[in-house]
Each structure stands twice: as structure tokens, then as C-alpha cells.
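Note sheet for the following structure.
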Amino acid sequence: MDADLLEKARALADPAYVTVAEAARRSRTALFRQLLTQRRLLPQGLDEHTVRLLVDELAGLDANQFIDQANVGEREGRIYSELVRARHFGMAHGMGRAGDLAASQPKACGASILVRLCAALLLDALHVAGFRSCRRVALLPIATGMAMTLCLLALRWQRPAADRVLWIRIDQKACLKCIRAAGYQIDVLENKLDGDQVVTDMEALEKRLAASDPSRYAAVISTTSCFAPRAPDRVVAIAQLCARYGIPHLINHAYGVQSRRCNGLVCAACRLGRVDAVIFSFDKNFMVPVGGAGVAGTSPTFIEAVESLYPGRASVAPVVDLFITLLQLGRDGFSGLLRERERRFQRFQAQLAPVLAKHGERLLHTPDNPISFAISLEHTMLEGGIEPTAIGSMLYARRCSGPRAVLGTERRLVQGVLLAGYGAHIADYPVPYLNLAAAIGIRDIDIERFCRRLDEVLGQVRGTRHASAASAALGPRADPGPP
Amino acid sequence: MDADLLEKARALADPAYVTVAEAARRSRTALFRQLLTQRRLLPQGLDEHTVRLLVDELAGLDANQFIDQANVGEREGRIYSELVRARHFGMAHGMGRAGDLAASQPKACGASILVRLCAALLLDALHVAGFRSCRRVALLPIATGMAMTLCLLALRWQRPAADRVLWIRIDQKACLKCIRAAGYQIDVLENKLDGDQVVTDMEALEKRLAASDPSRYAAVISTTSCFAPRAPDRVVAIAQLCARYGIPHLINHAYGVQSRRCNGLVCAACRLGRVDAVIFSFDKNFMVPVGGAGVAGTSPTFIEAVESLYPGRASVAPVVDLFITLLQLGRDGFSGLLRERERRFQRFQAQLAPVLAKHGERLLHTPDNPISFAISLEHTMLEGGIEPTAIGSMLYARRCSGPRAVLGTERRLVQGVLLAGYGAHIADYPVPYLNLAAAIGIRDIDIERFCRRLDEVLGQVRGTRHASAASAALGPRADPGPP
Amino acid sequence: MDADLLEKARALADPAYVTVAEAARRSRTALFRQLLTQRRLLPQGLDEHTVRLLVDELAGLDANQFIDQANVGEREGRIYSELVRARHFGMAHGMGRAGDLAASQPKACGASILVRLCAALLLDALHVAGFRSCRRVALLPIATGMAMTLCLLALRWQRPAADRVLWIRIDQKACLKCIRAAGYQIDVLENKLDGDQVVTDMEALEKRLAASDPSRYAAVISTTSCFAPRAPDRVVAIAQLCARYGIPHLINHAYGVQSRRCNGLVCAACRLGRVDAVIFSFDKNFMVPVGGAGVAGTSPTFIEAVESLYPGRASVAPVVDLFITLLQLGRDGFSGLLRERERRFQRFQAQLAPVLAKHGERLLHTPDNPISFAISLEHTMLEGGIEPTAIGSMLYARRCSGPRAVLGTERRLVQGVLLAGYGAHIADYPVPYLNLAAAIGIRDIDIERFCRRLDEVLGQVRGTRHASAASAALGPRADPGPP
Amino acid sequence: MDADLLEKARALADPAYVTVAEAARRSRTALFRQLLTQRRLLPQGLDEHTVRLLVDELAGLDANQFIDQANVGEREGRIYSELVRARHFGMAHGMGRAGDLAASQPKACGASILVRLCAALLLDALHVAGFRSCRRVALLPIATGMAMTLCLLALRWQRPAADRVLWIRIDQKACLKCIRAAGYQIDVLENKLDGDQVVTDMEALEKRLAASDPSRYAAVISTTSCFAPRAPDRVVAIAQLCARYGIPHLINHAYGVQSRRCNGLVCAACRLGRVDAVIFSFDKNFMVPVGGAGVAGTSPTFIEAVESLYPGRASVAPVVDLFITLLQLGRDGFSGLLRERERRFQRFQAQLAPVLAKHGERLLHTPDNPISFAISLEHTMLEGGIEPTAIGSMLYARRCSGPRAVLGTERRLVQGVLLAGYGAHIADYPVPYLNLAAAIGIRDIDIERFCRRLDEVLGQVRGTRHASAASAALGPRADPGPP
């Protein structure tokens, strides 16, 4: 509907009321104009009705929703199910063209506008969250790991002599697999212990690089967001080494965007050293369903190379989810979520303290990890004679989702790499522990429920040496250790 | 979004694609303009996406969806549940003001426009369906019977001496109750038999009127749509009598709008005699959920009196349903539905013929009823020794919904009126029968399934004299006779 | 889906995960069981997903959604538009049968269950809100005023000699119209002034009743929720008089359910005197769209008489909205809303105080009205030389919705009744004022915005004697006085 | 809701109606049971209400929708926007685990069941469509081209010596890019001309393989679905050569599933030779939005290798779309779509014949291509002096989407490969032409509109030698040639 149509409506309602409605409509249209011209988060988030209007208007610019169309190609965006059509607002053509995920499509003008606008809003959100040096971000409707693989594939044609990736150990399967999927060998750099914290062994890294032929490395991969007691990698120092040795540097920033401290590290690394791309998840940072990843950086060239590597059109659903969410959040809403998370990170630890004291356990001292923390399980194991994983299972059966119990003594072969102390990111971590996170969107009720149930479980385990047999019966083992 | 915003979007997509999308958008806007200026059914129906855009745009003109509003009244259209909000497109203020159901509301400019536009579309639909003399239609979000009550209440202040309504017998409870609810006595005019048909006894009517004081009658109520073997009333002749005696005439046209023949009768009655209002159901004629009724007529004065009688604001939901449906139908779609119904009415009888022949039953000859027909159950009863209602139950248990079995010998007291042969609209109807309808939206599969299942049931009943006991166990008795 | 189907799913997912999901599913099913057996508000509200599951399950019990159905009746719940179908969850048959709004329908088993369950939840909500003596509540999908009309129509056959209603003055058009619609004369009882408050003139009432033939009165209508400076009627004393004189007593409790104090009055009136029915609005008390009213009372007989008077089936949409909202609220959520409203009622007045002081105005002292209050406009008028209604318009143009400016000197003829000082509920109210409300769902932002904008408007008016001309240009006049 | 809950509902509705509703509910539950146990397409498709019930029930098994959950991990499926939540039915966890796209997730039991059930239904659909030898299909929420890349990456570790892919020329950019993205050189095999058809040059292929070291080839890629005048590759013969030389064979079956003939070819190739994987698009074959691809084959091992290569969790949205669509289609619906497409393929050509005759053009004889066909533009070009691409633009401006005009003389460098006659799949194709398709879901109205508009355009072009200048102004150039 256009503004002039309201004129026609004057005959259908009291003209005085139409005048006021027109003014209100202009306020809404002014917000759309601001969005399309400034391309930044709106100061305040939009209500659902306004968001839907905008998305439906954009979707109406796609050819499959045109009136009076004759469709005689092989791909015309026909949708059989009305239920499916409705949930996608009628957008059927996905994003990208054969050539390029960021390219606009002749049959999907509306979706093309939506995707680029979303990229601009996401860039602004990264700035708001502290990654101020970011200049470009690619929207990829694939997993974070797959996005990492795509980055490595983009490097392949640039670095023909490379056959390996230098990987700073982080015990998550996808982190190894994304390298193997790209066809590279994995060169593991082990971490070191610093008090309770597992940190990057910078000396070993420097030695390794000095002793190698840099052209053999496709990239160094470091990580910001990780499970305590591992700390974020020292990405500034790593970036400086990569600059010195001329090796591409990819940062796995999976759920790091939600932390202003992590973004600060990444931002400094970009400014002071070499960072080719920073890869992060949509769902873990922006409270949308699993499905998309961002590849951000200070140099548009590499980001564009990654975008233009994806062969074909891709689902636009993850981008639409992000777009809607950023519109509903606005700048204030997003900042608010970031601040709340930080507050609850503190509150969570504070509320756990008495429970830990009661059961003789303690918070591991991991001051560098702003999202995740860990609690010891030493006495519980000694007294309860129970495996940490059994505690994970007991919590899971009590609808606590997320805690990961680590013994630290397991050896595992992952993607052809043998890792000692798997799960702990290091061999011989001194104590068994339970890992927890205060991630974006965590509620007070999550914290309260968890503290209560943990108290219950620890009490039960310590209350009887034979509890382990009983607890096994409580429920299935799940999230039983490192992913 | 307004047209000029697409200009801003040129930077976000290939401008050539934006140009084509703009043209397509203009086509859609042109349809909206056509709607708002001509206020008639569009030639072709709109797709769901376009309809939603229009409804959402209108809903955005209601104050409770304005951005930056301060609400300090006692009725501000706040909606607690997002699920509820979404299903009403955010429209919260209903329709009407204290004064008048058709009045526009200061807080609901969008809903007000929607309601008036819908009234215009409905008027056009009535014209399309053959009620060409109609000049005004009120949209009432109440049951057809309640709308009849409202018409009678509107007559009360005009006819202070009246204490009764002359009611041409039709055996449906709501038809009696709507008179009693309005506070009137019921003066029953019995029908007469004409072959298989039950028809208006015009001589008796004329005699009754001649013998009475017309001012004692608030109105005569006649009916078009009814269950065969009753035929539509002779509304033209009745209208002429009402004109002659100066008695208001209300036509119960409940599900008659779907039949061009019924509309033709009504149209002629309006032209040639006195008809104060024609009352019909939204759901039975326009395939929307139960909830609304129309009051139509050639004289706006009485229609407006009815509209302005309703004390308060009412749910706009039934009108929104009708609006959406009329937009999606368009003129062609609605005409098509009417034609299809007529074809299936013929086909239904044709497909039943061999089943009836096989079981020794026949189609009752009711040539004046264009929607409903009836089949005899004489042999089935004689041979099966079973009540017709048991046959209704057997069909119901086989998921046949709608057939009504009538014995014709029951006497019932309804709203203080004793009716002999209740269900048959007449005392002593000669045969028991099963009543069926081919109503708007009936599908071929309904007809096929029903013929097959009827064959089965008749076969089963006649196969055993003791079937009745067995069949009783098949399922509950439902729709067991006249409503 | 039934529980045993999850067994089949074990082959499709890790059985351990299915076990946990089964347990979680049982928790949800247990809530449904609790609802269906206890029929009271759940302690905590349900999430939207769970509510949708329940509503969809119930809707699936309606015949028009059965698989393999043959529909051969005249009313089969067919829905043309998928958009319409989806917004009603497929429920097409409305509520009630010819006989009775509360009767269950053979074709709409699911909707019938939903309606009765909703009535039980609403009854519990009334208890929670303080109307503890309530024993039965009818759900009517009509306006509050229309519900009042229906109550009066139900009384008609009980009180054949009655031709009038004793109406305790409240200046809202619908309150007069609902009496006229039912065909009764209006016998006005004027209020009296008590300090700033307009209150029931009990002596005058007693005199009037003593001097009349009680059988001439169909009912006395009193009101709880009203615009300050009118106070709620003294319903306990009125109920006692009605008991003494044997006159039915209907309480207009339109938006009074949201106030525990108002409910307390009503509850006491029922206990200590005669109250035939208490009529209230769904939308004003439960934050649902306009469309439904409740008729509550301690004696089921009269409530059932009202339910069974409505001739026909009615839209179930308002009941579905209420059902969803009550499920999402739960007992805690509803209590919380009530408490918050009370807090904001205090806060609103506190935040206004400095604005009023600055402009030489004051809060009228109306301690008995727990929802609405009023501020004087004396100095503003004297200094600004402006009509109060112009102030209403200026606020409306600034997106303040709800304030009603009253001069108190207007004489108006409404439904044949001449009312002096129309809008003020009394002749000669001493000061012009602006009426405000803190209704359920009011937000802090509403209060802040309003105080700021009022300050602006009062400043502007007093700043210039000629402001009135200018302000007239600001926007249309709306909500300009009494409704 | 479980069956036993209906028992509780007996008190809330007429028990007889509950009994019938129960029976109807059992019918629905029986269909769910059939789905979960047989895991094949249902004979008839389900209605939208039933599909939504099933999806919502499954979604309710995901941990983020559990009641009473404590979430303390870093990835908990929190969704900020209710609009986003609703469109995904609350499913937030995507599909797959770190290890494997087909693995079930502890936090997403419902989504895991849905994915596996969908894979089973898709397998059945492939059987129905003629690919009877298929034994396993992977669901990948990525583009067809990206799925091809993933297949090549899965081959990398199996064939360490390989550095190239033998590519049978098909002029679509994504077909080249998917090879380069995987890091391989492209070894082009040119096609040959056979009458009007462009066909596989089997002799050249055999020679090439005989002359090479097979271990250098990662794979041969052939294609079934392609734009006429190119014919589907001779996949049976190619599969036999691949078997002989021990080279993996990947078939690009992008939009071939919709053609029973194409499926027949693929099926025979699998049976008679070597086919490692058949890659196809969800959106082009099943009328869902862009977003997913299937990788099918007779040997589960390779398919599973591809599934387990994807590093991370992926969007489940494309699978949900496919699931819903397959449920709504059922076996009959899907077969019907396939048959209708074939009929319309014939009808399209028949309706074009007179238009072509009128303008001196002809249908190219391409009997082997069952989806796409082409019409000559020879006279139009000669007489009109206009480029074929201008004709494409003129049609596009008239809302004909899909036709691709090919001159056949362009040379283009794509992904480092120089292709003569780009767009025509061969150098020196003798005539310029316009390519058209009758793809699944094509409607009669598409055909009629296109024939009318083509007639118009050809008439206009031939009417004036200078038309080209004018037509250029008609609209942007789009879909101007080969993709």
C-alpha cells in the first residue's frame, strides 16, 4: 500500500481519524527509510507487526509472488505447501546466484535486498559489540565449522604449496573436522597450564613457526570462545606472529560475539597483526535457530572470495531469522542483552559459591574466560567414587542442559589426531571438573534451577558410595563430556 | 513501505531487478487502489500474500499498533498473548462504537476502513449472486437468529402495539427462539402439501391477515433456504400481502445466498412487494467460520436502524474472515463456486439414483428447493423395522455428516408452540425420509463417499430385521432429527 | 500423537534421547490432564508452543477436520481461505447450538470442550481476582452492552408487567442504548456530589423504589467501573434494596474485574443482597481483542437462562482468545497483572503530581475509584481561554490515547433521555477536568510519555491566550468527551 | 495430548460426541503410527492441520521447548523473536552433531526423528519416481553445487593422487565452480551434435580415459537434467566406463527427479555401471524453497561418508520444508504432479506450434530431453536484426520468467576454463534459440500466458527492423543467457 491510497480511504472512515493514522503510518515508513538509507540497527527495536510488514513487502518483490507472471523456466520458486509458503513469507529463491552468495538475483529482488540489508545490520551489531575494526561480513547459511572449511578452500588456490593447518588445540570435534573436510593435515599445537587456566603456549608456537616452511601452512587457526578452564587464545600475539611469517590467520570466534571482551581481543588482533577472517555462529550469538555463520574481517577481499566460492544458491532462512531478530532487537535491545549476560555471568558464580562451599568444591580460577567457567569435582569423586560423566547424566535427567563433566584422563583419536586428556584441551589437567556457561539469553530461572539441582546431585552422590549404580538408572548419558 | 522507498533499495540490489520489481509492485498497488475506489469484488481473486499485505497495512492504522503511543484510557486494545495478536493481525478494537456498529472508531481507523470496504464487497457479491435490487447490507458479528432478533427489536419502537410475529412454519429451533428472545408471541402459519413438496399455504395466510389487526403483528417472517421436502416460501406473494396490509416482512435467507434461484426470489419480492430485511449467514454462504450474519435490503433506513441498535463494540473477526475470503475469491471465484454447487446438486441426485433404485427408495419430487433434497426411507423402514433416526446414527458413525432422518410423526413443544410432525414442517407427512444438501463447497468426494456409505447402510438395515439393535451399537445418535 | 508412538520413534533417534524426551512430554501431558480434571488456572502460565499444541488437538476433534469425512449437510464448517482456516486453528462451527450457547455440538466436539474449559478457567480467574462468591459464568461472544440487553430480554418473560429499567446514571451511550435495545423505558436516578466524588444517591434511590410499583421495573442497573470523578456505585446497599423490593439487579462491571476492590464490592453485594448478574468485558479485563463479555453470578439459573436465550451459533473467536490468554497467564501471571496495575495506578498519580503543581492544577480526590482518576483543568482554562476538549485533541495529536476532557456544562439528549452536565455523570460538576485511567497492561512508558506530553500541552496552552486557534490545527478532535 | 485425556473431556462435552471424535482422532493417530513404522509416503496426502499437529508434536520433543528446563550451556536453542520461533515450530537446534549431519542430537530428539523420517520418505519418493535401485539418501541443507563439492571433498582422502575432475560440458557456472571449490582442476569433455541435439561424445570420453592415468581423476561428473538442445548425458554408458576404469562417477541430477525418464536412466546406470552418488535439488524437484540437496545412491557407504563430512550443525529448515511437503503430497499427490508435468510438457509444445509456424520458427528436435525444449529464433533474428538476448529481455519485461535466449557464438572464460559457444554447451551450434522448460508445478495459465506474450514479442520484433532499440527500453536484461 502506498501513502496515496490512504487518501482513497477517507471515504471509508472518518477523515479526521485517517489523518492521525496517516501520521502514524508516516512514522513507520520513516523507520523503514532510515533502515534502507542508514543501514544500521535502529535505536529501538521494532514490534512484530512492523517487522512482518517490512519482510512481507520485501518478499513481495520476488518474482514468484508477482501477479500475472508466466513461469516457464526450470526453477521458478513454486511452493507446493501453503504452510511452507507462509513460514517463508513466500520467499522461495534462497540467496546468491551461481556465482556468488552475495550476488543479487533477478527473480528475487526482495530477498536480495533483505540479505544485503541484513549484512549491513550485522556489521553494525559487530561494531556495537566491540569489533569496531570490522569492515565486512559475509552471511553464510552454513555451520560455523563448514564456514571455516570454506575459508580454507578459498585459501587453497592462493597457497598451492600448503598441505597443513596449524591448529591450536581446542577439544571440539568440529574444529578438527573442518580442517580435514578441506583436505588438510592437522598440525597440533598443545596448550600449557597457567594456574587453573589452559592457555596458548606462545613460545611453542613461535618455535614451531620458526622451524617450519611457512608456505606449507594454509593457515593458523586460533579460538576465542571456548570451555573453561581453557582461556581464549592470545589472538593478538598470534596475529602478530602470522603477520611476521606471512601465514593466514583464521579466528574461530564461534560464540565470542556475545562477549565484548572477546570482541575486543579480535578487534585488537585485526589492528595489530594478521587476521584473514573471523568466523562466528548466528545462533550462538544472536538467539536464532541453528543455520548460519558469519565470516567477518577488516579486508573485504578475502571475505568476498569466501562468499563467491559457494557454488549455488543457498537457503535464505538463517539470514531471514537474523534479519528479523536484529530488527526486533535494535541497538538498545542488543546492547541490553550483552550487558545482561555479563551481569548473569557474575551472578551465576556468586549463586554457586555457597553450594560449592557446602560440598567442598571450588570455582576454578579462569579470569580470562568471560563466558564459560568450571567447578571442581574433586571431593565429589573421591567421596562418591563416581565418574564425572555420571554427574553429567544425573543433571541431564534433572533437565539441566549444558553442563559438561570432564575427567581429563581420556585419550582419544579424532580425525586421525591422538589427543591426550581429551576434553580438557591439555594432557594431565589436575582436577576433574564440570563446565558451565552463562551464554546470551540465560535467565535467572536457569541459574536458580541449576544451583538447586546441582546441590541435590552433589548431595546425593556424596551421601552414598554406591550412588553411582543408582544414578546410572536415572537417565541416559548425554552431553557426557567434550563434544 | 511506500513506492519511494524502493528507490533507496537500488543501492542494495541490481537496479535493473529493482525496476522490474517496482513494476510488479505497482500492479499490486493498482489492485489495492481499484479496491479502495471501486469497492467491488476484483475480477480475479488475490493470492494469500497480497491479501495479508493489505490486511496488515490496514491493521497498522489502528492506534494500538502505532509506534510511540501513550495509552492512558480504560480500553486501549492491549493484547497479552502474541499468539492472539498474530491471529488478529493486531486488530484489537473490534468494530463499531457505542452508537453504531457501522461507525468508524478513532482508535481503529484501519479496522473501520476494513469493515466498510467489506460491506461494499459483500454488497457486490450479493449482486453477483442475483440479489440485484439490494442497496445496503449490514455486517453483524452475531448468529443469523440473533440478527433476526435484532431486526425485531428495531421494529419494537416503530410498532408499539405489536405483540406477536406471524411465523410461517419452518422446523428449526432457532427460528422460533429468535422471536421469543425479542419478546414476541409466535403466531404459527401451517404449511400445506403439494405433491411431495411442503409449500406456503397462501390462502391461509391471506385469511389470517384479513382476520387480524395488522398493528398487532411486529412482522411476518418467511424463509427461503430450508430442508426439503419443504420448499422456499412464496416470498413474492407474501411480500405483496405484507405491502397490502402494511406489515413488516423479514426474510430468513439463512443459506440462500449460495443459490441464484433463491436470490432471484428475494430480489423479486423486494421489487414487487414489501421486504424490510433479508437476513443471511456468512458461514453458510461464504465458507467462513460461524460468527457473522448479514442484514440486507433495498431501503437503507431500516438496515441502518438495525446497525445502530447494537449496544457496544463487537468482534471484528467474522468480518475479517469474510473480507479475506471475498478478496481471495474475486468475482470469478465466487461465481465459480455458485456454478459448481449447482452442478454438484444435479450430480449428487444422479449418483444417488442407482443406490435408491437398488434399495426400493426414491428421490422425493421437490423441484422448488435448489439446495436441499430428500430421499424416501419407506421400504427400509418396513423391511428393516428400524427408526429413520437409527439410519442417521449409522451414517454419522460412518463419518457422514449432515443427513437428517425424519419420521414425521413426532409432536414437540418448542418455545411454547406445539408442532405436530415436528421436523417435517407439516403434520402427517406421508413418508419417512432422509434429508440431504448440496451446499456451497461440496466436493465430488463427499458425494461419492456418501453414496457408497448409504448403499452400505441401507443394505445392512434391509439385510436383517434385527439390525436395529446392532446398529445402535455402532455409534452415538447425532443430528438425529430436526434441529 | 499418543505416548506409544514415541516407542516407534526409538528406531529413528538415539533411544536414550527418546527416553528423556518422553519424560518431558509426560510433563506436558500432565499439565493437560491437570487442566482437564481440575479445570482451574495452572499455577504458572504455559508457553506458546504448548498452548498451540492443546488448541490444535482440540480443534482436531471438530468434524470438519476429520479425515475421510463425507459432508452432505447445509452447514459443514467448510473454510475457503487457508489464511482464515489457519487463524482459527480450523475451528469453523462456532459455539452453541440452536438451543443454547453453552450446549455442545455434535460437529464441534473440540470447540465444545474448549468453551466449557474456558468457562471453568474464567470462573477460577474471577475467584483469583476477588469475586469469590461467583458460581457460574456465561461466555457470550457479544459486546458488554449487548450482553446487558440479553439479560434484560431474559427478564422479559419473567416480569411481564415491567416496562422500565431503573438506571443509576453513568454517562456512556452504550449504557442507555442497551436498555432501549431491549425495549424498556429508562428511569434515571441522578447521582450526588460528595467532595470531588460523584456518588450514588442512596436516599433518592430508596425514595424512588418506595414510591413505585416494583413490578414495573425489569431491573435496577448499577455500575462498578466508571470514569472518575464518578465513584463505583454503592452496589452492596443497592443489592440490599433490590432484595427488599424484589427487583432484579444487574451490575455493569465492564472493566471492573481488573480491580480487586471492585470485585470485592461485587462479591459482597452478591452475598448480602440481590444480584442477578454481573456483566463484564473480556477485552477490558483480560487483554484480548474486543468481542466477548461474561455474565457471572451466584445463581446458575439466571445465567443459564441468558445463555439459552441466544438464538443460534456464535463466533467462538472471542472465547478462543480468552482461553489462550488464560492458559498463557496462569494464576501467577494473572495475579501479577492485577498487582502491577495497582502499583502503576499509584505511580501514575505520583508522577503527575509535579506536572500538576507546575501548572496550578490538582488531582481530584476520588478515593473510591480504583482504576480511573481525574485532574482539574481550571487554571488552564482560565489562563488559556481554551475548551477542555481542545486539550483532548492536542493530546490525541501527540499520540496520547484515552484521556477524556470534560467541561461538565453540556446538556445532551441520549436515547430519549435528557442529561444535564453530560459527561460528568451529574449536573453542575464544579470544575472542568481531564479523566485518565491506569488499566490492566498499562506500562511505565505510557505513564512517562503521557506526563511529558501533558506538561508540554499545558505549558503551550497557558503560554498563549491564543493557543486554542493554533492547537485546533494540530490534529482532529477525538475522544473529545464522554463516550 | 494422549488418548486417555479425551476420557477426562467427557465431562466437558456430550459423551456421545466425544466417542465419535475419539474414533476420528484414532484415525489420525493411526496415520502417524503408519508413518513412524512403515516410513513411506502415505497413500494420500495429509491436510495442513494434521501436518502441523505432527510437526508441533515432534518439535515439542526438543529440549529448548521442555517445560522446567535449566539451560547452562553455550548453545541452548534460545530464540529471541517470537516470529522466528513460530516459523520454525520452535525447533532451534538444527540437524546433525559435530560428527555427522545424520546423527541424532541429545537436545533435539524431535528434530532428529523428523530428519530421519524425512530421509525415509524421500527415499520412497525416489522409488515412486523411478529411481528404484536407490538405497540411501543424504539430506544436505546446502545447494546442489555445494553438495557436489562435498562429494568431491569426501573423495579427496580416498584418492590422494587425484588432482582433476573429468567434466562433461554443461554450461552452468555452478557446475564448474563446484569443482574448483573442491580444489580440483577441470578436465573438459566437449559434447557433439546429433541432429538438433547436443549429446555426450562417448568415443571422445573413452579415448580420454584410455589415454590417462585413472588415479589422477577424482571423479567423472555427468548430468541428466539440462537445457535443451543439450540432451541428458548417456549416463549408463558413462557408468560402465567408470566401472571399467575404476573412476568414481557423480551424476548431477539437479532437477531430474521430476522426470521419470531421467530417473530411469540414473537407475539403470546404478545397476549396470558405477555411480557413486546422484546429486539433486530439493527445490527444483519438490516445490520447496531453495535450500537443500539430496545425495542418493545404491551404496550407503559413500553417502554416509558425505553426511559425516559436514563439520557442524546445519539449518534444519530445508528438511522441514521437504518433510511437510512430502506429508501433504502423499504418494498419489506426488505421482500426480509427475504425470501432470509430463502432460503439460506435451501441451506446451503443442500450444506453441501455431505461434512458431506463424513467425517462421520451429521447435528444435530434442527427443531425449524430457523437461526442457528449445525453439529456433532464426527468422526473428534475420528479419528483426535483433540479438536473442533482447528477446529474453522483452519477455522478462512482460513477466515471462525462465526463457533463456542463446546466440551460441559467445566465448567465455569460466573458472579458468575457456568455453566456445558458451550457453549452447557446444561450439558453433547452428541456430540461435530460446530455451524453455515444463518443470514440476507448471500451470496451464503459465503456458497460455507465455504463448500469447511470445507471439506478441515475435510479432513486434519482426514488425520493425528498429525494434531492438525500442525493446531495450522495455526493461532490464535478465536471465539473458546461460546461467
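A, B, C and D label the chains in the order they appear, each numbered from 1.
Keep in mind that, in the parts below, contacts are C-beta pairs under 8 Å (C-beta built on N, C-alpha and C of every residue); 3 or more make two chains touch, one makes a residue touch a chain.
Here the structure is a predicted model, which is why all the values come from computation and not from measurement.
> Using the contact definition stated above, find the chains touching both subunit A and subunit D.
Both-contact set = B, C.
> If each step moves to a chain the current one touches, what is the fewest number of steps from subunit B to subunit D?
1
> To test your reading of the model: what rotation angle superimposes subunit B on subunit C by C-alpha positions, in degrees to the nearest 5?
C-alpha superposition angle, subunit B on subunit C: 180 degrees.
> If you average the CA coordinates per chain, which chain's centre is most distant from that of subunit C?
For subunit C, the chain whose C-alpha mean is farthest off is D.
> Roughly how many whole angstrom separate the Cα centroids of subunit B and subunit C?
30
> When the C-alpha atoms of subunit A and subunit C are each averaged to a single point, how far apart are the two points in Å?
46
> Cα centroid separation between subunit C and subunit D, in whole Å?
That pair's centroid distance is 55 Å.
> Spell out, as numbers or ranges, the residues of subunit C touching 2 or more other chains.
Those would be 14, 16-17, 20, 24, 48, 52, 63, 66, 68, 82, 86, 106, 396, 399, 478.
> Provide the residue numbers of subunit D that touch subunit C in the complex, in ascending order.
For this pair, the touching residues of subunit D are 1-3, 5-6, 8-9, 12-14, 16-18, 20-21, 24-25, 27-29, 31-33, 36-37, 47-50, 52-54, 56-57, 59-63, 65-68, 82, 85-86, 89-90, 104-106, 109-110, 112-113, 116-117.
> Which positions of subunit C touch subunit A when the two form their complex?
14-17, 19-20, 23-24, 82, 86, 396-397, 399, 475-478
> Please output the residues of subunit B touching subunit C within their complex, sorted ascending.
Listed in rising order, the residues of subunit B that touch subunit C are 48, 51-52, 63, 66, 68-84, 87-88, 91-99, 106-107, 141-146, 148-150, 153, 156-157, 172-174, 177-178, 180-183, 225, 227, 255, 283-284, 286-292, 309-318, 321, 324-325, 328-329, 337, 348, 371-372, 396, 398-404, 436-442, 445-447, 449-450, 453, 478-479, 483.
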